[in-house]
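Next, two complexes with chain A in common: one pairs it with chain B, the other with chain C.
Our next item is the complex of A and B:
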């Protein structure tokens, strides 16, 4: 007749039967029912404690990951809303300056009817890239604004040759940008109100903000998908 | 696993907005007219029909050379079912304010998608 010491799920020791070899198990308290007494086998106790500690660590690590994802989502959401406020301010400024220019130049000179409908390419475009997110299978797009890019290839080549003269290149870039800006306003006439030029700058600022908003939107939606996956995974 | 996003070095910005907004952004250089005289913008006024707005939205969201579509929020409300149903990463749909209709976070389709994690009241109330 042997003695079984079987720790059950609660870590308690169940004495399944009594043994006559009491000398071999001096620390066992012989009782006929389940008790919360110290386990005689210290190795078993230590193993169980170690297992418990490891099980406690696993939820903590996954909890930290979840918290990080939630924080990322909330940060991107906050940035998105803050940038929308900035966009509203920039657009309000632009509309006000446009209205002022229309007032000084006349509404017949600033309206949609005189917009250029001949073939022309956009001077301000976007560079769309997809940075690889190694942690997840989904890829989020990244937008980069490219303002006032010249369509003339010869200008690009001349810029590459003057790489060693940074200031000269910078000045040439500024001149090129100013030329592109003036060329766009030629639709409204040769002489335009300074307010119209100010409106152009305000809308350029709004455009930069919009590209930031688009990037924040991508990050926010990606973070939201990750958080939702974690929540759905937890529920299952 | 979603399909990878195609890169593009000279993607366009499309606009569906009122005259002043479109004019302003055209001054910033985003206007594009192709050989078929197709533009990357639609000016919405009192005579513009909902069908025309829907067609423009569908066209801009299916063109491969467009990366961002700007749409005034009050115009987006006219085709809200279409905007909310759209869930592709590119082109990105951005709802912008207009002169007479300030931006309302509670109506933004992107925020509507993520509202399940919290209520839109808590998002909108702190921003007013």
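Our next item is the complex of A and C:
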């Protein structure tokens, strides 16, 4: 007579018993039946039920995540296209205003031959924060435009000011920026047409939009990678 | 003697007056501009201009065209016509014709000096100079470090020498000094030209006084508007205004104190000839001011052709031709940038 236990994939045990008909021994029937161990019956049942519920929920949660990521990607794509459109408008406006300034002041006053080839520091710089930097916690690279850096850096770049000094700080920043703008236009002469100043503003707007596009593209590519991972994960 | 020019004018200048009136009839008409405004590409513009008097200058230009090429070739036509008139002119018409080019000479001097200050190649700068303002020693301007040297080394032998007396300093040249120099020279030139025309007397004095006064007043308004928000003080601004014109002297006093475009408008609206110009603009706007001034100038220039036996027709033709070239430049830019809806912002029809 032998008795052995075999667990199956559901965690339940089979108990097989062999019965044999000996003359003097009571009859034991050969049967095979599912036998739960008496002590952890209830707990195992609960665990199994919980696992079953989680497995039923799992497809729903991952579907929501996928949808969210796809929506995120589409949102970032929409923002990217909107920014491209506004860049196109800003550049068109800038080029037309430049042509208008040449029409007003004369092409001998506004041409590439009088641009300054002397060494001078850049008035505007671009700072790149990449995920490799220790101080940067985001997953995608980020571009920051620092405009008119040749003026006093501390006064100009500080955006967090006390409420009391808000207006004064803003006015001095505006004046400083205006001075820097006029200084840049000195290449074409000290007395330039307002159309040239308008062209300068348009190109400045275009530059800001370009940096926004770069950041938005970075977010969009990151969202695209997430969506692709989800799709590949589902296929597997 | 005024009124008796018919007796003597044609002896020396009749042929050239006929020539310049012939040139005038070759100016583009409204129909030509309408055709040009409908062009899709610069090659279309070239094709239309080939059928006009610009044909010989543009027909051999290879594609793709650039707007600067169109302007250069059209300017060459103007230069050829001017040289044809100058080589056949006698005094005082020859001096009068030379006076017309001194403005371009000043622009070229400033271009060379500015470019040299910015460490640019002299040959590159010479290519950008206006051909009407060229003189022999222009390339040596690049060696001057300050205005005194500029005068002593180069300009003392040019027609601009008398205009330097007010702006000779030993200060090194920088962008602000150069701008002051440009405007001071131009002021001196305009005043000298005005005196010369007054001396000629007759119809020339009357017509040219009106045209040059308008030029001086327009300059005063442009200097005022362009200097708003800059470091130019009121006194320095006033020094750049010419000493003649409708606005001299009281209008200049008020313009010197203006801090924005609306104050300029308030000053100019006190003068009836300029009231109509500023009435076309809305408050705070200065974009269409140039076009309004150009339209008024073209009207006055065309009126000068209504009278005979004076030198004003030569000045008027040169200015009308320059306006035509500006129109072609603007149309070309709008077509090249695919902004044909804006083409009528700055085109001034002559006829």
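Everything below uses one rule, namely that the second predicted complex is superposed on the first by the 158 of 236 C-alpha atoms of A that agree within 3 Å, B and C clash if a C-alpha of one lies under 4 Å from a C-alpha of the other, contacts with A are read in each partner's own complex, and residues count from 1 in each chain.
Quick note on the criterion: a residue touches a chain if its C-beta (ideal position, glycine included) is under 8 Å from a C-beta of that chain, and two chains touch if they have at least 3 such contacts.
Predicted model only: the values in this text are computed from it and were never measured.
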Original post:
Counting only touches as set out at the top, which of chain B and chain C does A:125 meet: first, second, both, neither?
Top reply: first
Original post:
Once the shared chain is lined up, is A:100 touching chain B (first), chain C (second), both, or neither of them?
Top reply: second
Original post:
By residue count, is chain A touched more by chain B or by chain C?
Top reply: B
Subject >> Partner chain in contact with A:178 - chain B first, chain C second, else both or neither >> reply: second
Original post:
With the two structures laid over each other on chain A, which partner does A:108 touch: chain B (first), chain C (second), both, or neither?
Top reply: second
Original post:
Does the superposition put A:193 against chain B (first), chain C (second), both, or neither?
Top reply: second
Original post:
Looking at the overlay, what does A:213 touch: chain B (first), chain C (second), both, or neither?
Top reply: first
**OP:** Identify the partner contact of A:116: answer first if only chain B is touched, second if only chain C is, both if each is, neither if none is.
**Re:** both
Original post:
Which residues of chain A are in contact with chain B in one complex and with chain C in the other?
Top reply: 95, 99, 111, 115-118
**OP:** Spell out the part of chain A that touches chain B in their complex, as residue ranges.
**Re:** 73, 77, 80-81, 84-85, 87-88, 91, 94-95, 98-99, 110-112, 115-130, 137-141, 143, 146-149, 180-181, 184-185, 196, 199-200, 202-204, 206-207, 210-211, 213-214, 217-218, 220-221, 224, 227-228
Subject >> Interface residues, chain A side, partner chain C - complex >> reply: 92, 95-96, 99-100, 102-104, 106-109, 111, 113-118, 178, 182, 186-187, 189-195
Subject >> Touch list for chain B against partner chain A, complex >> reply: 1-2, 4-13, 19-35, 37, 39-40, 43, 67-68, 70, 89-90, 92, 94, 96-97, 99, 102-103, 105, 110-111, 113-114, 116-117, 123, 127
**OP:** Write out the stretch or stretches of chain C touching chain A in their complex.
**Re:** 68, 71, 107-108, 111, 114-115, 118-120, 124-125, 127-130, 175-176, 178-180, 182-183, 222-223, 225-227, 229-232, 286-287, 290, 326, 329-330, 333-334, 337, 339, 342, 345-346
